[in-house]
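Have a look at these structures, which come just after this line.
Two complexes follow with chain A in common, the first pairing it with chain B and the second with chain C.
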Partner chain A sequence: MEKQSIKGWLYLLPAVLFLGVFMVYPLIDVFIYSFEEGYNSASQTYYGVGLYNYRYVLRDPYFLQAVKNTFILVAVTVPLSTGIALLISVALSSIKALRNLFQTVYFLPYVTNTLAVGLVFMILFKKTPYTDGFANLVINWFGGESVDFIDGPYWAKMFVLCFYTIWVVMPFKILILTSALASVNEIYYNAAKVDGTPRLRVFARITLPMISPTVFYLIITGFIGAFKAYSDAVALFGTNLNAAEMNTIVGYVYDMLYGNSGGYPSYASAAAIILFAIVLTITCINLMISRKHVHY
Partner chain B sequence: MANQMDYEMIEKRAKAGNFAVKALIYALLAVWGIVVLFPFYWMILTSLKSYSAYSSEFVPQLYTLAPTLENYQDAFTAVPLGSYFINTLIFTVATTAIMLFVTVLAAFAFARLDFPGKDIAFVVFLSLMMIPNELVVITNFVTITNLDMRNTFVGLILPSVTSVFYIYLLRENFAQIPDELYYAAKVDATSDLKYLFKVMIPICRPTLITITILKVIECWNSYVWPRLITDDQAYFLVSNGIQEIRENGFGRENIPAMMAAVVVISVPLIVLFLVFHKKIMAGVARGGMKG
Partner chain C sequence: MKVALQNLTKRFPGRGRGAKDVIAVNDFTFEIPDGKLIGLLGPSGCGKSTTLNLLCGLQKPTSGRIFFGDDEVTKLPAEKRGVGFVFQNYALYPHLTVRQNIMFPLENLKGEQKMTKAQMQEKALEAARLVQIEELMDRKPSELSGGQQQRVAIARALVKRPRILLLDEPLSNLDARLRLQTREEIRRIQRETKITTIFVTHDQEEAMSISDLIVVMKDGVVHQIGKPQEVYDKPVNLFVAQFLGTPPVNTFDGRVKGGKLYIGDEAVLSVEGADDQAVYVGIRPEGFVPEKDGALGCGLVRVEVMGRDVSVVCTHGAAQNTSVRAIIDSDCEIDEEADTVRFSLKPGKVHIFSKETQQRIDCRLFI
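Up next is the complex of A and B:
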């Protein structure tokens, strides 16, 4: 018996080692960092313990800008991407011909490098002295004025960021929703058919309640993912996000840690913990709402 | 007779209505298909235009009549794209291999062995799934820096190995294998390790392939950790390479060459996807996450 127990832990040992060193220890350490005031990473010393790091971060205009950007991004992309994904998934499950082809094509962005395709988006939307770019070409077709979406006004930059984020998260949502729709029992639809129920009614009264757990799952993971947005913004606006006014909370954490304004793990930790607190709060609210509206 | 006419009219109208709805549905799907595919079309198209042709287009052309491959040559000669590629390959293969080793052993212990503290350990593992990477990356950065492992493959790989979710996924799969097989193997005096490799792993091969593919995708696209831990170009992965190319390579205006680099970087995963698309989509539907 004794041998058996050692053996069990022996098999677990690699996983425990990796998780201990790179997950459990850092998790504790990040809280310690966030309370150490005036931490110097070169000499590894600090002056005192307190809330100074949190105060500093919460007063930093760059952080406030990042929070604003992140909240706008979340508020725009989560409802829009979930809604469009729902529309497309319902459309997908109502057809037979070409369905597999569409499904495969829609999933393509999932496997592509965010940084690489982001560069393509930048070129599509960028306006330079040599060319107005493709997006502006389309705008001009409809009689609009050219806008520089990459170095121009704030709303234009935010639009591209939201657009690209939606493009990136769509494959996952469509995939999950189509498989949820496929699992709705045919009996309910047949019953509705017998009663001659209109399409919209069928959707609102049968389809939506049946897939509501999946929709809420997507909303919750969507919130979490959007709050952690970072590489999409880097792909579009480059690594100096503060200069572009397009930084996100995660971007702020990494900038504090490393890069031109880096070397402050304490501020980074405080910002990361604030982010975690925001995400946790929103997730709890979501779960509370979902308990009221989701049919299991 | 008049009634008969009415029925025909109603039927016709219903058919026309149905047709209109179908057309609308296909139009919607086609529009989204174009939105998805257009960036890919644009990057291939731009990569085939010569620099001079591209620069002289004030209004972007939607096609090219004089495709050229010189941008691809530039992509490999003017910037170290080949070395970014090899780095990413080393990183991906090593990370995935170590991840598989760790995951298989841990999943086996949780699914098959009995030892004191197993249940508590499993609950702790599960709760670790909820820890966002952003919280732990700060200390990991400091740890790796203090160990003097910046700009090394070891520093890149080690913190990227752990995936609690895959351990969980594989454990669930292992647990479905009937106990009778294990007892039969025990009667034949088969060692646990041999049982794991000769019975469990072959049975759970589909799950292992799914995990492997998902991890490969994750590694190939990883950006944040490599960016923090490498500032020496010799250790850049493709994501960092793309960012470097964008900011310093080729000169800012040589967009066709940049697009050639983007195409080269995207091709491996797209090929992987086209070959394994059923497996990948099924794997992600079972609970994959991006990043």
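Up next is the complex of A and C:
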């Protein structure tokens, strides 16, 4: 027994070592930095210890803007993307012809480069001297006024960001959900059929509970992913996100480290810890809810 | 509710190019009398489950018609047929409690049949009482034993008072002791509810013991329909004879010649009403009586004592199987050291079948 456990630890050593050096140690470090006022990574000095960094970050209008943007993004994209993915998956599993074609089409965004996708969205939404973009063409068609989606009003930019995020995260969700749907045993549907269950009830009372673990997995990872959004915003609005009012929390952290206003590891650490606290809280709430509603 | 099947046929397209269609059920015509318990019996792949699926509407027949009472239901979808179905592995919804599982069919009722929550609860409890699981109502299926799950499945099938009840291999997932108990239970429930019940099984003992009528099928074709004892005593062909009975019937090559039935060179019985021809002779294990000057001599392999009966394992040159098994009373004396043993045969336990068609030859056999 004793020998066994030594062997076990030995096998785990490489992973433990790497995780320790590249994840656990930095995590602890970030936590420490966040309490060290004016930490300078070059000279390794700081003025004092306290909550100053948090106070600064929480009063920084750019940070508050970033928090607002992130929360809107999360609140809009997670439910919508999961819901739409569920609809598409159910539709996919109920058709036979062309199913593979559609599966491939829906999966394309997953394998497409973020920046390439950003370019496509530019064509769709960007207003240039030559064209108002495809989206505006459609709006004009219906008699609406052109909107500048990339440099225009806040809601328009937020709409594009949410639209983009939903589109990008959907393929993975569809993939996972279609396989979850396929794993529900046919016999339950047969039983429901003999009992004359309407299709909507079959979905609500049988299918959904049976795939609920997968759905909750997707919701939790969806929340975490959306809170960590950054590259999508850059792909759409460029690197100066603060000016575009489109910054996210992760974007704020990055800016504090390397951006134009960069060189403030303490503020970045504090912002990162705040993000961590938010994600932790939301995930705990999610798990608590899931315990009530998920059937294993 | 009587159930009538008319020329019911189901074909499945064969797999691969140029593959022949598989005929799962071939021209099945049968009228099931009201309130009876029917056993559909046959080896696996004989089309009995397909027949059940056709009856409940999960599959559509290629041709033929199905009637429940005077209503034709051939084209009706499963939900409009009013059948209760107990699936082989029960198909209980794992996320619902026993109560919710039983109430599920009631929640789907529409229009006049729609019930209040209290009525549903009451009906569910009634069904649960019938199968004696009322104390398990708030458990999940995963917390039940196989036998209990089976009862829940039956309760769920019965709760909306189906016109007919269908059970697919109802006992196959249970252990031996539970199987015995549950089959009595099915019999009791059927008697109490008087619902026409059809169940599928590959276990002939199961079918024989509780059915009012059994239907023996093979390769999609119905071979014989009748009361269990009738079918056992008068099998229409060699297959039915071999399929029914444990231990199975012993089959010999034989021939009828000059009013005598020969196995090997020995004339074992007299025959009346059969022409001279080569035949298969089927002898039930209980048809052997050990006697010093018996007509049939066999090589003795061993004697197995099983309490009530004694099983004698022998060999015979004309036998189709490698060993011949005879079951005799334990008070018969057998010399276990001997190399041979002689039996006389009970005429009622001997059947002869045409060598060409394997059909039963109806004739009188006597000593």
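Criterion: the second predicted complex is superposed on the first by the 275 of 296 C-alpha atoms of A that agree within 3 Å, B and C clash if a C-alpha of one lies under 4 Å from a C-alpha of the other, contacts with A are read in each partner's own complex, and residues count from 1 in each chain.
Criterion: a residue touches a chain if its C-beta (ideal position, glycine included) is under 8 Å from a C-beta of that chain, and two chains touch if they have at least 3 such contacts.
Fair warning: this is a prediction, and the values are worked out from it, not measured in the lab.
Steric overlap between chain B and chain C is absent once the structures are superposed on chain A; the two fit side by side. Residue contacts after overlaying the shared chain place A:T197 against chain C, while chain B stays out of touching range. In the superposed model, A:Y25 lies in contact with chain B only, and not with chain C.
Taking chain A as the reference chain, the count of touched residues is higher for B when chain B and chain C are set side by side. Judged by the touch definition given at the top, the superposed model places A:S94 against chain B, while chain C stays out of reach. Of the two partner chains, chain C is the only one touched by A:I187; chain B is not. When the two complexes are overlaid on their common chain A, residue A:L12 makes contact with chain B while staying clear of chain C. In the overlay built on the shared chain, the residue A:I274 is in contact with neither chain B nor chain C. Once both structures are overlaid on their shared chain A, chain B and chain C have a minimum Cα-Cα separation of 8 Å. Residue ranges of chain A in contact with chain B, taken from their complex: 4-9, 11-12, 14-16, 18-19, 21-27, 29-30, 33, 41, 84, 87-88, 91-92, 94-95, 98, 102-117, 119-121, 123-124, 128, 130-134, 137, 167-170, 172, 175-176, 179, 199, 221, 224-225, 228, 230-231, 234, 238-239, 250, 253-254, 257-258, 265, 268-269, 272-273, 275-276, 279.
Residue ranges on chain C touching chain A, taken from their complex, read 56-58, 77-80, 83-85, 87, 89, 91, 93-96, 104-105, 107-109, 160. Within the complex formed with chain A, the residues of chain B that make contact are 21-22, 25-26, 28-29, 32-33, 35-37, 39-40, 42-43, 46, 55, 57-60, 101-103, 105-106, 108-110, 113-118, 121, 125, 128, 131-132, 134-143, 145, 158-159, 161-162, 164, 167, 192, 217, 220-221, 223-224, 227-228, 238-239, 242-243, 246-247, 253, 255, 258-259, 262, 265-266, 269-270, 272-273, 277, 280-281, 284-285, 288-291.
The part of chain A that touches chain C in the complex is made up of residues 185, 187-188, 190-198, 201, 205-206, 209-210, 212, 295.
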